[in-house]
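In this document, chain identifiers A, B, C, D, E and F correspond to the written order of the chains, with residue numbering beginning at 1 in each.
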Amino acid sequence: MEDVLAKDWIFSEDMLHFIVEHFEMDLEKTIIRQRLLIAMIKEELEKLGVTTLSRSGDDLYEGDKKLSVSIATLSPVSSLIHCGLNVLNVNTPIPTIGLANLQVKDPLSFGESVAQHYCDEVRSMRLARCKVRGVQ
Amino acid sequence: MEDVLAKDWIFSEDMLHFIVEHFEMDLEKTIIRQRLLIAMIKEELEKLGVTTLSRSGDDLYEGDKKLSVSIATLSPVSSLIHCGLNVLNVNTPIPTIGLANLQVKDPLSFGESVAQHYCDEVRSMRLARCKVRGVQ
Amino acid sequence: MEDVLAKDWIFSEDMLHFIVEHFEMDLEKTIIRQRLLIAMIKEELEKLGVTTLSRSGDDLYEGDKKLSVSIATLSPVSSLIHCGLNVLNVNTPIPTIGLANLQVKDPLSFGESVAQHYCDEVRSMRLARCKVRGVQ
Amino acid sequence: MEDVLAKDWIFSEDMLHFIVEHFEMDLEKTIIRQRLLIAMIKEELEKLGVTTLSRSGDDLYEGDKKLSVSIATLSPVSSLIHCGLNVLNVNTPIPTIGLANLQVKDPLSFGESVAQHYCDEVRSMRLARCKVRGVQ
Amino acid sequence: MEDVLAKDWIFSEDMLHFIVEHFEMDLEKTIIRQRLLIAMIKEELEKLGVTTLSRSGDDLYEGDKKLSVSIATLSPVSSLIHCGLNVLNVNTPIPTIGLANLQVKDPLSFGESVAQHYCDEVRSMRLARCKVRGVQ
Amino acid sequence: MEDVLAKDWIFSEDMLHFIVEHFEMDLEKTIIRQRLLIAMIKEELEKLGVTTLSRSGDDLYEGDKKLSVSIATLSPVSSLIHCGLNVLNVNTPIPTIGLANLQVKDPLSFGESVAQHYCDEVRSMRLARCKVRGVQ
């Protein structure tokens, strides 16, 4: 689905990174997409048995421990979403939790799964757009 | 928050209805909002201890039993989202589940909570829009 | 490419019809697409050896004989382009020419070819959108 | 009303400055807002008894003496309006007039009043948007 | 300037009517244009010596006597502004004032002047759009 | 037609350059305009008797010899199209053809003609926008 987003994920020992690019200039729309992406990451973790997370805006928490960081922004030709998930929670300045603590054994495979589901969701919403009838 | 949406919920013995109206003509944006609303309803149910649901597009399920119906559309001057949640699951043509089965004791209060959180989310996204710095 | 357009062509003894639907509400954009579609129909005919046509706005002519009719409009949820090409030019109130006069032996196959190339062009423009770098 | 504009006014001996920021990328809309802001500044001055001004585009004049400078522009994430009103008219290269000449005793309080009314106008227009019924 | 608006004014014994049509679907923008039109009508009256009016949103008053009615709406393909000014103020259910009371001798010529200045303002704003440089 | 585009053409011994600027931020729309511009250049050459060209996306070819280069991009306040046509085809790294080979005797006058017709086409599309009636 390379036309609407150049999605990728980057794995380091510390963080799993998602970068989403939409070739549109409506930042409010991108921020709604960002919230949906965060909700989807939580849903993907639920499929792995993690049911202790809550979403607050564009952040994921287990109790007061933060799992994620995220930002949305405009480039001169597109809008961009970054979301990073902690893998390990060592040496962090605020209380955090990492995918390792949540028993996510294979962060790479988890990243691939999130990326795939996000693309599926975008495609599904675009198709839904084409099936709507107006009302008076 | 009456300026961007006329949100309400309607309770009958059978269904709890949400109606959201955004005074914008971008239906794709509305469909993204709709998916986020469905994800939020699931999150609100999690706060009541319901952890067995999954979202598929604009539907909520417990296993193969459907909890919700939803549609997004354009009026001549706005975009509209409807979402209905089953309260009771008697006499339905397909396998369904209702809020009653999920031990939601007070659907009215639950509806109020969802409506409040959706408004909070919209406001929070609008404020987030105003804090973004562009990138090169 | 069913997500952005529901393209079809209808063949009668009299006319070959194209219907294009884009799920967007920007009618100016649709009118630019319409002009490009008309230019493409001319280009497809050139591949069949027809080099006598000229385009004037959303019309195709051979000299003062009109080959096409076209209109663009908004539905409540999308924008629509219709273009009809004469097949035979019998009994028309103004000077016309038909695909038969232009030695297009197989209007059905010609219609399929135009539809295919229009979809290719839309896809190609969408991909081009994603490769642009801004300038200062 | 911090979500749609970060409005402020800056007072120096020479000028009273207004900065308006709208988090939208439609510059034509911003230019219409700019003209309305200039018209409103004139209206606010009328409430103080100043009835000698005329507006020409985004400028205010008393006869051929210029009271204001204004510019609208795009930042990478928003649109911006600046409007400066002369306070004193000493040492200006073209014929000018200042708020002091117009007997505006308290420029700070006047700035606050303009800012407040502009916010009220924006809010009022947003609410008006939500009360419209379409026509056929 | 027939491309962006089909502007006209209708004179009866009772009212002078302005109809503005913009071929765009952004109703918020139209509402900003409507406020500017109302401000301009007041400014045109000032040129005739009428300095007793005040604008409140999309209404013009002399004290508590209403001079105007106005509405903005969407058609399926455009946005529309109607503004009517009382000519005579006989037999009105609320306190009103008419152009006759304001010593506007020639409502037809006044209507023509407002229409002309509105077109000039639209053209001037469109040109201003083309002269903007962005900021970082 | 200086309000929507600052169109110009630059002639050197090597290339005839067209620069089009539209004061809008919708890059997809600009890319559609770009394709139409390329189709129009081919149509203008047909009026001079050149019937051997074909268009592929934003390129013009005679067989496998390339006549043109083109790019569309966003500036911070507008969208821009550049199209350059080879005049001579000496010393080019890939197979090319130039206007000289196509017997275009007067590139300057040809440039003026393309620029004029592009402006006419833009104006004609804008007027067409204003004549549309919606459908249900």
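Here is the rule we use: a contact is a pair of C-beta atoms (placed from the backbone, for glycine too) under 8 Å apart; a residue touches a chain by one contact, two chains touch by 3 or more.
These numbers come from a predicted model, not from an experiment.
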| remark: Neighbour overlap between chain B and chain E returns C, D
| said: Going by the touch criterion stated earlier, list every chain that contacts chain C and also contacts chain E. | reply: B, F
| message | Measuring between Cα centroids, what's the chain most distant from chain C? | response | D
| request: Examine where the copies chain D and chain F touch and state whether the two sides share over half of their residue numbers (same) or under half (different). | output: different
| said: Looking at chain pairs A-D and D-E, which one is connected by more C-beta pairs in contact? | reply: D-E
| Where centres are the averaged C-alpha coordinates, which chain has the largest centre distance to chain A? | E
| remark: Separation of the C-alpha centres, chain C versus chain F, in whole Å, is 20
| said: Could you work out how far the Cα centre of chain A sits from that of chain F, in whole Å? | reply: 41
| What are the residues of chain F that contact at least two other chains? | 23, 25-28, 73-77, 126, 129, 132-134
| If each protein chain is taken as a node and each touching pair as an edge, is the resulting graph a line, ring, star, complete or other? | other
| query | What are the touching chain pairs in this one? | reply | A-B, A-C, A-D, A-F, B-C, B-D, B-E, C-E, C-F, D-E, D-F, E-F
| Can you list the residues on chain D that touch chain F in the complex? | 25-28, 73-74, 76
| remark: The answer for chain E against chain F in the complex is residues 2-4, 6, 23, 75-78, 123, 126-127, 129-130, 132-134
| message | If we count contacts the way the header does, which residues on chain E are in touch with chain C in the complex? | response | 23, 25, 76-77
| query | Can you list the chain C residues touching chain F in their complex? | reply | 26-29, 31-33, 35-36, 39-40, 43, 46-47, 51, 54-55, 57-58, 72-76, 80, 121, 124-126, 128-129, 132-136
